[in-house]
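In the two complexes below, chain A is the common chain; its partner is chain B in one and chain C in the other.
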Partner chain A sequence: MNLLFILFFPLVVGLILLILKPAKAFIWSFAASLIELVAAGYVLSQMAESASPQSYLHDWIPEVGISFSLLADGISGILIGLCALLVPFIIATTARTDKANNAQYQGLILTMQTALMGAFLAKDAFLFYFFFEASLLPIYFLASIYGGENRQAISFKFFVYTLFGSLFLLIGLIYVYLRTPGQIHSADMEVLYQTAHGLTAQHQGYLFLAFFIAFAIKMPIFPFHTWQPDTYTTSPTQGTMLLSGIMLKMGTYGVIRLVLPMFPLGMATWGSTAMILSIVGVIYGSIIAIQQKDAKRLLAYSSFAHVGLISAGMLTQSVEGIQGALYQMLSHGINVVGLFFVIDLIERRTKSRELAQLGGITQASYVLSVCFVILSLGSVALPLTNGFIGEFLLLKSVFDHQMTLGIIAGITIILGAVYTLRLIQKSMFGNVSRITKDFEDLSAAEKWVLIPLCALVILGGIFPNVVLNFSEASVVQLAQLVK
Partner chain B sequence: MTAIIALSLFGISSLFLGFWFSRKVLQSLTLVFLLVGMALTAADWNQELLWFGHMFRTTNTSINFSLLIQLAAFLVVAFSRGFGNDDEHTHPAEYYALMLFSVVGAIMMVSFDHMIMLFVGLEILSVAMYVLTGSDKRSLRANEASLKYFLMGAFATGILLFGITLVYGATRSFYISNIGTIIASTAPESTPNFLYIGVLLMTVGLLFKVSAAPFHFWTADVYDGAPSIFTMFMSTVVKTAGFAALYHIVGDVFGGIYSTWVMTIYFISMLTLIVGNVTAVYQQSVKRMLAYSSISHAGYMLMTVSAHQISSTSTILYYSLAYILATATSFAVFILVSDYQTGRKEKPENFQSFEGLAKNNPGLAFCFTISLLSLAGIPLTGGFWGKFFVFSDTFNRNMTYPIILAILMSAIGVYYYFKGIIAAYFKEGDIEKIEVPTLFKITLWVTTLATLVLGVYPSLVKSIF
Partner chain C sequence: MSFIYLIPLLPLLGFAINGLGFPRISKSLAGIIGTIPPLVAFILSMQLFLNFDGTTQILTLSEWIKVGDLSIPLAFQIDALSIMMLLVITGVGTLIHLYSMGYMAHDKGLGKFFAFLNLFVFFMLILVLGANFTVLFIGWEGVGLCSYLLIGFWNQKNSYGDAARKAFIMNRIGDLGFLAGIFLLIQHFGNTNYADIFSAIQAGDVPDNVGLIAFCLFVGAMGKSAQIPLFTWLPDAMAGPTPVSALIHAATMVTAGIYMVIRANVLFELSPEVLHFVGWIGLATALLGAAIGLFQNDIKKVLAYSTVSQLGYMFMGLGASAYSASFFHVMTHAFFKALLFLGAGSVIHAMSDEQDIRMMGGLKNKMPITYVTFLLGTIAIAGIPPFAGFFSKDEILAHLYHHDPWMWGLAILGSALTSFYMFRVFILTFWGEFRGTEKQAHHLHESPLSMTIPLMVLAVFSVGGGLINLPHFAGGHEFLATWLAPLLPESEGLGEVSFLSLEMGAPLMAAFLPAFLAIYIFGVKKSVPSEDAAISGIQKVVYHKFYIDELYDVLFVKPIALMSNFFAQVIDFLVIDLFVEGIGKGVQYASTEIRKAQTGNVGYYVFLMVISISIILFLGLKSWIL
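Then we have the complex of A and B:
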């Protein structure tokens, strides 16, 4: 029942906001997201205490063996936590802007949260797919109504591109589902794992491709990333945060949940190709990020580079790789929300994201620049920040898997430092420019968002074991399934 | 099967009721007639009965299809708004009567057990439709559409009849339950070849009615030329009846000689998908886009026909229901908007007419969006599960190429359906609040919510089908 609450509570409040359009939309949505956070925290702490997963099962379409089956274990627990943790921050970033009391805007964010939660909680593969695709609708409307220049064309491209990819996932799922035993088939993930293991290497290979393309487009992995920079740049800040902070993790989560345990033989054939593509993305994204003039676009490419490393790590199928991927999903979500917020703060005050026009902000707002530096260091993976733990585990797993790839992937740390430090330098330090000379200091509401995020970056770097222990049992179990 | 008798009597009586009653009353009466028809149809549930000299069989499947058809007709009548106020040129009593008659024909097409009954049903349905297509008698386009529909339809019926003759010649029976057993008990060598030709000709005749490529050329012009409300009737009632009859013929009767017709349907389904979807992309008019979308949906449904699984009937039922609800909703909004824009815009039927709809008419824009999402097969709507069941059936037969094609075509479908959503939500326009009659509004919301319910809890109807 707790899981049901976590799943549907944001939707209920979201629908109230969308339909009734109350005047104080911000209070509604912020309170709802906090209640959701408390509820999710309660469930997760219970799970950590009893060291056992929680589940919920109900009939959905019994005629074809599709059930409404939810599961929160060590793996999905991390993602649920991430989703519940980030949404209050995302909503808080709208405080005192014109979007704060826009009921439609807040309602779409909350409906989006339900779709994301659903994808992370689902144990039935078609339920997963259902939420996986349904999550496209709120973000599509968010981006097309409130986005920047050329928003309709860009969000439409994003919608069609990702939908097209997920259709491959759908047929792949149907293919395996039809081979499950029994007169009425089953789409429970456990059953699908068993069934998929019985398929020939050739079939597993095709299925691996179908599944991986769907998730690779979502993450995105090179060369399926062409929708991403435009969409991230054009979306409204909160949309970008949802996309990069949480929605992208649906892709990586999908790989951990569905691809790794289902197709070990497919992995054997195509795994290294997928891994090489991921690492190409890491290097390619970093190099392009170095060239960017627009700060938001720079972050978009950095996010693309980070997710490549996450993908490469989990494709090693090792416990460290998957643990590192999970941890990095969490830290990347926190860091990227903070970074996009900083860019948004700068843009609100200066109406510009052009690095060439910025500079000298540190003189106007000390807190902002400190927070920006902390968040950036988290993103660069400096020790004592949350990024270090994840990236270290990921690089180690890639290195153990294949040394050459590990060395190439290791360049990311240098390249990441180059583009991130360049971002800090161009925006925060240097001479005060024409548009930054009247830069206002942060308001209390803005500090209340940034400082906790920075605290999370450092806490994540010092106490990683809270999270790693939480997911370990489930990851070990998964890794056994892979072998 | 008292429903067809009752509906025929209702149709005749509504011709006379037109002398005394206003259009609003006639509309309500027709709705009541259809409700009575549905009740009478449902009364035969769970009993397999033969009627009219064993020419007519009611089974649960045929009852489901009959109910769907009457539901579709109910929606069309509810959306008809009494056909405006123009007493000189519109004749609501006749229109309602003709719609009732064609519903009778459609019910016969889904419940026949004798091939002549199929023919008679098809003719009752079609002749009424030829008249309704041309009912806007001053419109040149409607006249052209009517004539085109009539000529092409007459050919198709002729082909069907020729096919029936050949099948009769080969099996010496008109009763389809006999034909099935005769084909099964005859050794393949001693089956005359013209049986297969007969089967193909019958299939072609029915494929014409469901506007599958390459027999689709009439569709766009006829849908475009006919008054929108009858286009809605054609794309829901006629299509459902056509599919039920087609699947009854090829699936149930000739299921034993699956291999002789499957390749035809297989290629036709792929061709239909390509033609429908690719052509729809280039349409400027929403009505023509919906016409081609109706062709493309025929393609998806043909996929499950060619897969010929036990679940195919249930899939066709589910797909038809989702399709009827979504099509009726989108046409209803289209009718409102194009009527509003007539006189304001040069081409009231184009996508441009929808620009800015969401600003002052958020409800209409929402209903329109949900219906288009359902047609595109996005989760949360009935259309998604329709596609899901189709893909599932097709995969059960290991037909991989149609599925890959269907995926490509689904992505293309998203492209043209979203043109409507983009116009309604993200473009600037100057549409004021559109007045919507109460009954119209209620029906619109019911169909929209039903689409969502089908999308979230498909088991609600799947357990019946």
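Then we have the complex of A and C:
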């Protein structure tokens, strides 16, 4: 029942906002997201205490064996935590803007949360698919109604591109589903794992590709990424946060939850290709980020580079790689929400994201620059920040898998420093420019978003075991299944 | 022993107070808040030193990362090596904090400055206290961060920001090597604890790739300790306030690479070819740094290249397995180089931020304390007995003499260069006539006590620091070598040396003759280095640091920038996206074409229906027949 609450509560409030359009939309949505956070926190802490997963099962379409089956275990728990944790921050970033009391906007964010939660909670593969696709709708509306320049064409491309990718996933799912035993087939993930294991190497290979392409577009992985920089740049800030902070993790989560356990033989054939593409993306994205002029676009490429490393690490199928991937999903979510918020704050005040026009902000707002540096340090994986734990484990897993690949992927720690420090210098340091000379210091509301995020960056670097212990058992179990 | 935790914790606390309190805490208070933590940490370290009974202690704070079979604890190791480092860091650190109170008194960012300095001390202490390579790495990257923040402390100036970024990025190149070394260690030993690794090796469990491991670790050291090819960041790092140059870029952080190699000496001893490499890199860096130092006219740049060069000496010593000699030089160098930098800072302070020695001269009467202490530092670094630098450098040279005569010969050459450029700087700054502007001349003054006390204390150590490891021939007991012996491989005795032998005579000649030459050229003949435009020939090449920065620019910086644009504008936009859009366009095209089949003509539909049915029937019949 708890899981049902976590799943549907945001939707209920979201629909109220969308239909009734109450005046104080911000209070509604922010309160709802906090309640959701408390509820999720309660469920997760109970799980950690009892060291056992929680599940919920109800018939949905019994005639064809599709059930409404939810599961929160060590793996999905991390993502549920991420989603519940970030949405309040994302909503808080709208405070005192024209979006704060825009009921439609807030309603879409909460609706989105349910879709994301659904994808992370689903234990039935079709239910997963349903939420995986459903999440496209709210984000599409957010981007195409509230986005920036050229928003309609860009959101449309994003929508069609990801939808196109998901078709492969659907076909692959149906294929395996039809081979499940019994009069009535089953789409339960456990059953699908067993069934898929029985398939020949060749079929597993095709299926691996079908699944992986769908997830690769979502993450995205090189060369399926060309929708991403435009979409991230054009979407309204909260849309970008949802996309990069949480939604792309549906792709990485999908690989961990479905691809790894279902197609070990497919992995054997295609795993190294997928890993190499992921690492190509790490380097490729980092190099492109170095010369970006628009701060938001720079972060978009940086996110692309980071997710490539997450993908490479989990494709090693080792406990360290998957744990590192989960940890980095969490860290990356926290860091990008913070970083995109900083860029948004700059844009609100100066009406610009062009690095050439900025500079010297630290002189006007010391706190903003300190927070930005802390978040950036998380992003460049400095020890004692959350980013280090994830990248350390990810790089180690890739290094253990194949030393050369590990070193190549490791170049990210150099290139990451190059583009991140450039971003800091061009925006925060140097002389004030025409548009930054009257830069207004942070308001209390803005500090209340940034400072807790920075605290999480550091706490995550010092006490990673709180999270790592939580997912350990489930990941070990998964790694055994893969073998 | 719980007070050990206080040693790193106090500077962290200082950082927190000054960091959060900035700019509300008044400047004078901020200076005091910043200086007390390293001072108390020094007293505690002294306590530790005096009560040390020779046994290594490991204090585990908590489990930090635990995944699968991998477990990395946050743990500290108290042993002979870490205690010595604690003393140097907190001792020299305290003096430099004190000095900064005077030097930075007029800067409105003083509180922030002390916060960063304290944070640096914290990370440096973590670096040396760590009981495993991963905790060492925390400190390692942490001091890199502080170095970045402090080099770019005056960040309004873009060139300073560039210097700060360069330092961080070049260090990161080394750090990738270090990280690879850590991964390799975990692969073989399962963790990175010193105790586990070294005892496993003692028990005969030597990894096949021990050479690779040592090499990777050394790559890290090359970045942090500014060795060829990763040395170009250090001279640029002089953009930071001078106390930063003294503390971070001379006395402590840059010697972290040497500390790490000494810490891992068990691994390096097993890979003679890597040690050989270490020695030659050190030699090449020592010579290159000294050569560039000959012609620099910025007082801090000379000292920076001198640091690069002296670090090279330390690595040369490591290459010859003379670990305690190198560590001895780490310590004496910390004294006299910190002294020289602080002296230079005192001069710059008096000269209203002028750093060009061609604009100085004749400062000895105006700033007597700075003058005398700088002279003592110069004598110490030149290797003139019985000052500290003589003993430590001589010990490295003595080991080189037995290890590789060629290396020894070249090291003597470098030593001669050192003596020359240091006396050159000293004379041009303090002797002769003042060459600066009227306004500067008017402003000249000796620095306040907060700045001169550290100078005097460091001067005492620069003169008498040799006592720490006074060799037998000078009547000493080699205290430092004995102290560190349990952690180091057994070294062969160097035998008796006589002052009259070549082994002893050559270094002395190399110290004295160039000093006299410099006195003759710059003191007696009073020649002053020419204007930048007038420099030509080989001198110009050396003055421009052999154009190494420009070379790196052409080899790495520009190509990456080009690649970045090429990837974004050509590969992404023209190749990949064109293909993606092409699929979309293709579907659109096909749909417009197929739509034409919907004509609305009933006869046409019936016709198509008949054809279709026949095809279905035909296929159906065929399968029935077959």
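FYI, the second predicted complex is superposed on the first by the 483 of 483 C-alpha atoms of A that agree within 3 Å, B and C clash if a C-alpha of one lies under 4 Å from a C-alpha of the other, contacts with A are read in each partner's own complex, and residues count from 1 in each chain.
The rule we apply is simple: contacts are C-beta pairs under 8 Å (C-beta built on N, C-alpha and C of every residue); 3 or more make two chains touch, one makes a residue touch a chain.
This one's a predicted model, so the numbers in the text were calculated from it and none came from an experiment.
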* Identify the partner contact of A:I414: answer first if only chain B is touched, second if only chain C is, both if each is, neither if none is. => second
* To do: Using the superposition on chain A described above, determine whether A:Y42 touches chain B (first), chain C (second), both, or neither.
  => neither
* Asked: Should A:A134 be classified as contacting the first partner (chain B), the second (chain C), both, or neither?
  -> first
* Would you sort A:V160 into first (chain B), second (chain C), both or neither based on which partner it touches? => both
* Asked: Looking at chain A, does chain B or chain C touch a larger number of its residues?
  -> C
* To do: Please indicate which partner A:Q152 is in contact with in the superposed arrangement: first for chain B, second for chain C, both, or neither.
  => first
* Please indicate which partner A:E63 is in contact with in the superposed arrangement: first for chain B, second for chain C, both, or neither. => first
* Please work out whether A:Y175 is in contact with chain B alone, chain C alone, both, or neither, and reply first, second, both or neither. => first
* Can A:P383 be said to touch chain B (first), chain C (second), both, or neither? -> second
* Structure fact -> Interface residues of chain A shared by chain B and chain C, listed 160, 164
* Structure fact -> The residues of chain A that touch chain B in their complex are 59-64, 126, 129-131, 133-134, 136-137, 141, 144-145, 151-152, 156, 159-160, 163-164, 167-168, 170-171, 174-175, 177-178
* Going by the contact rule at the top, pick out the chain C residues touching chain A in the complex. => 22-23, 63-68, 70, 137-138, 141-142, 145, 148, 152, 155-158, 161-162, 164-165, 168-169, 172-173, 175-176, 179-180, 183, 186-187, 560-561, 563-565, 567-568, 572, 576-577, 580, 583-584
* Complex contact set, residues of chain A against chain C -> 157, 160-161, 164, 223, 225-227, 229, 284, 287-292, 318-320, 323-324, 360, 362-363, 366, 377, 382-384, 389, 392-393, 395-396, 399-400, 406-407, 410-411, 413-414, 417-418, 421-422, 425, 428-431, 462, 464-465, 468-469, 472, 476
* In the complex formed with chain A, which residues of chain B make contact? -> 314, 373, 378-380, 384-385, 388-389, 391-392, 395-396, 403-404, 407, 410-411, 414-415, 418, 422, 425-426, 457-459, 462-463
